[in-house]
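The chains carry the letters A, B and C, assigned in the order they are written, with residues numbered from 1 in each.
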Amino acid sequence: MSTLINILVLGAIWGALYSLISVGFTLIFGVAGIINLSHGAFYMLGAYLAYTFITVLEMNVLLAALLAVSGTAAIGMLIDRFGIRPMRDTHVYVLIITLAFSLFFQELMYAIYGPHGKAVKSFVSGDMVLGDVHVSYQKVLTFFVAGALVVLLRFFIKKTKTGRSIEAVAQNRDAAVFMGIQPERVYLTTMGVSAGLAAVAGVFIAPILEAVPTMWVFPLFKAFAVVIIGGLGSIEGAIIAGMLLGYSETMVSVLISANYPDMVYLVAIILVLVLRPRGLLGKRAH
Amino acid sequence: MLNLNGLYEPRYINKRLLWLGVFGLAVLLAPLVVDDIYYLELLFLCHYYVILACSWDLLTGFTGNVNFGHAFFIGGAGFAGALLNLHLGWGFWLTLPIGGLVAALCGLVVGSFTLRLKGPYFAAVTFCFATLLYKWIMIRYEIFGGEEGLSGIDWLMETSAGNYYFSGLLMLAVIFVLYLLSKSSFGLILRSIGENETASLGSGINTTFYKIVAFMISAFIAGVAGAMYAHAQMHVGPEMAHDSLSSLVLIMAVVGGMGTIIGPIIGAYLLTLANESLRFMGEFRLLIYSSAVVAIILFAPKGLLDIFGRGFRRIAGQER
Amino acid sequence: MEAILEIKDLSKAFGGLQALSEFDLQIQEGDLCGLIGPNGAGKTTIFNLITGFIRADSGDVWLKGEKINQLKPFEIVNRGMARTFQLVDLFKEMTVLENVMVPCFSHRARVRKHAGKLPRQVALEFLEEVGLRSSADKLVKNLAFGQLRLLDIARAMATEPDILLLDEPFSGLDTEDAAVLSAAIQRMHQRGQTMIIIEHRLKDLLKLVARVVAIVFGQKIAEGTPEEIMSNDKVIGAYLGERRT
């Protein structure tokens, strides 16, 4: 019984986390058509900035989180403006420059913080007890924050003016231009939102896992897996696929072995791309 | 299929071949000037990375399909060769070609399923295969030695100078072969795929077939290099299959200039030597290194060869 | 005599729009057939369907007796049907000569290669046909607009097609370039090259072709000689609006 609760609860938490990381990734793809290999780095920056503000500078948690997220969003926008924009149309170039930025940030973290994991104190202490299972409140909080943000994002896209212009550019860039929307500004905003969301995930993860300079790799490709399964550009798809991945990994980890959950997303990417490249819910890829 | 006859006018061949000839000569004669083991081993490393970067570039530089999992072939063949040597006592003259063939076979299998996918998807799948291999290597530590890898592999040549020459000759052979390929109809077709795959298809070219072949050759060469490295170091470790190696090789080719044969050579030498010479900077070495890489990609997206090449072309007054 | 190209009952709908309905056409060897119709009538759709770029909803296409419905575009090229596009699609960073050499290495061209001649030679001959030989070493991105069309045709010719499809080859050309193109097409016709040409510029088209097919809203409304077509009420009506009597 406790195994079941374990799976249900942990699966939900990780699922929500993956959804949060992935919606930003799918957003930037759907809108700007680029695979942003710096996405994982934003997640990492969120975590390290959280560490810096909370543990080192001992700031108020909420303030620290806000600073970390907005700081990362700003960095993301700078990368978009100066790194990606010059050769936005060449896909190979975008892949490579965003990869290079990720590597740069990795080395920057090594240089500033060293190779050892940096821990952040939980925002809320204590455990929730369900039957035999203990789940930290931090994890529960993460779940709700992730869930809330994902819902908010959807609201933002569908209901606000900025959000709708983002969607317009995603659907038909030229038509959007005719309606007076400036695509470059949309790309910038989207990147900021995307980076910010990834950073939030990083901020909330920091107390659970440690911050290490190589932590940008796995969320990037897990986000990729989620987005491929859910369909590129589809926020709903990212949410569903994120939950799917969270649950799959949790089940594998609990029922089979702790060695294998990190292979689920890899196998998932391969299987989906080979068998059904369009994914489950998304728009036509390219 | 490999049609070389009169494909290009002689004047196109001269410039690059000349530079490569000079380079080849320099490689062969260098040990007469340099006999410090430290430098010989450093240059061995340069040869190794040139082979890796050039092999990577054959697929990506020409067809535009980015390969994020080159370490799959390097580490895979490295371990395959190591296991053959340790358990069956096979020498390098067997393990190198077999390592290459194993890698090529993997390239065939992976490529047939994935090269029909669009760019970023192929890139992602290559990463996945490489990472899966890496994780498998780590999980089955009883076979592969876990973090420490496998040691006690037979040495390549008796001396560092021997290794230098072996790797140097291999490198020159690889460069020569790739040069011929690039000048042949095969190279023309690959370039057409990278330039405009739709137009290439419209010209009646079976692009997937050619991409797979290029991928296989790329894999073979990388595999041979990986096995060679294993022997020279007498050791293989999981880092040979790690994605950081894939990234490194990629960056070398990009910084030098993709699709040009000479570009990856420049990139490999430059980054290997820079990495070494920055050692004195201690902790900040890799940071400076990666910042430089970002800067180069931002300001010279087509690679350093392009920047310098433009200068040369202007001097040569060559109008195309 | 068996038709080179036979299209029967070809239909395609996009969403709710019926782009093509039950289209029939037979092309014999050596035909020079024009395909006309107002914008959006379905002409390019026909080309896209028969060259494998999109799948038809129903109907069949035979090329020299072989059904080619399910084949991929490059396979169809290798079976002997080549086409050009309205928006010229070339290898911009390669030279003119290289552009024509690539199709020389298609499976079809390899097999039928002119005996003993080097591919370079063969490519130069194709360039000669369209009058571009002197520009052989120029980069495509440096070519004048009118020359791009000619290059596209040379490229298609280099696959040694049994039938060549030209999609609005005259669009955007000035009178001088149009004359050059016209002459090239006539030369190819005289050598026996089978062709279908989609074109809006009726003046240029009707001088060249012996047979015209007119399409409106995805349906064939008329077929015949240029004179017959130009005096056909339905055709006139389609272009100018119904005549009120």
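Note that contacts are C-beta pairs under 8 Å (C-beta built on N, C-alpha and C of every residue); 3 or more make two chains touch, one makes a residue touch a chain.
Everything numeric here is computed off the predicted structure, so don't read it as measured data.
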For chain A and chain C, the touch-path distance in steps comes out at 2
With centres defined as the mean of C-alpha atoms, identify the chain lying farthest from chain A. C
Using mean C-alpha positions as chain centres, tell me how far chain A is from chain C in Å, no decimals. 48
Taking the mean of the C-alpha atoms as each chain's centre, how many Å separate chain B from chain C? 43
Hey, how far is the Cα centre of chain A from the one of chain B, in Å? 32
Show me the residue ranges of chain B that touch chain A in the complex, using the header's touch definition. 60, 64, 66, 113-114, 117-121, 123-125, 127-129, 131-132, 135, 139, 243, 247, 250-251, 254, 283-284, 286-287, 289-291, 293-294, 297-298, 301
Which part of chain A faces chain B closely enough to touch in the complex? 35, 82-83, 86-87, 90-93, 95-97, 99-101, 103-104, 106-108, 110-111, 217, 221, 224, 228, 259, 262-263, 266-267, 269-270, 273-274, 277, 285-286
Residues of chain B that touch chain C when the two form their complex: 3, 5-8, 185, 188-189, 191-192, 195-196, 198-207, 320
Which chain C residues qualify as touching chain B in the complex? 72-74, 77-78, 82-83, 85, 89-95, 98, 101-103, 105-109, 118-121, 137-139, 155, 158-159
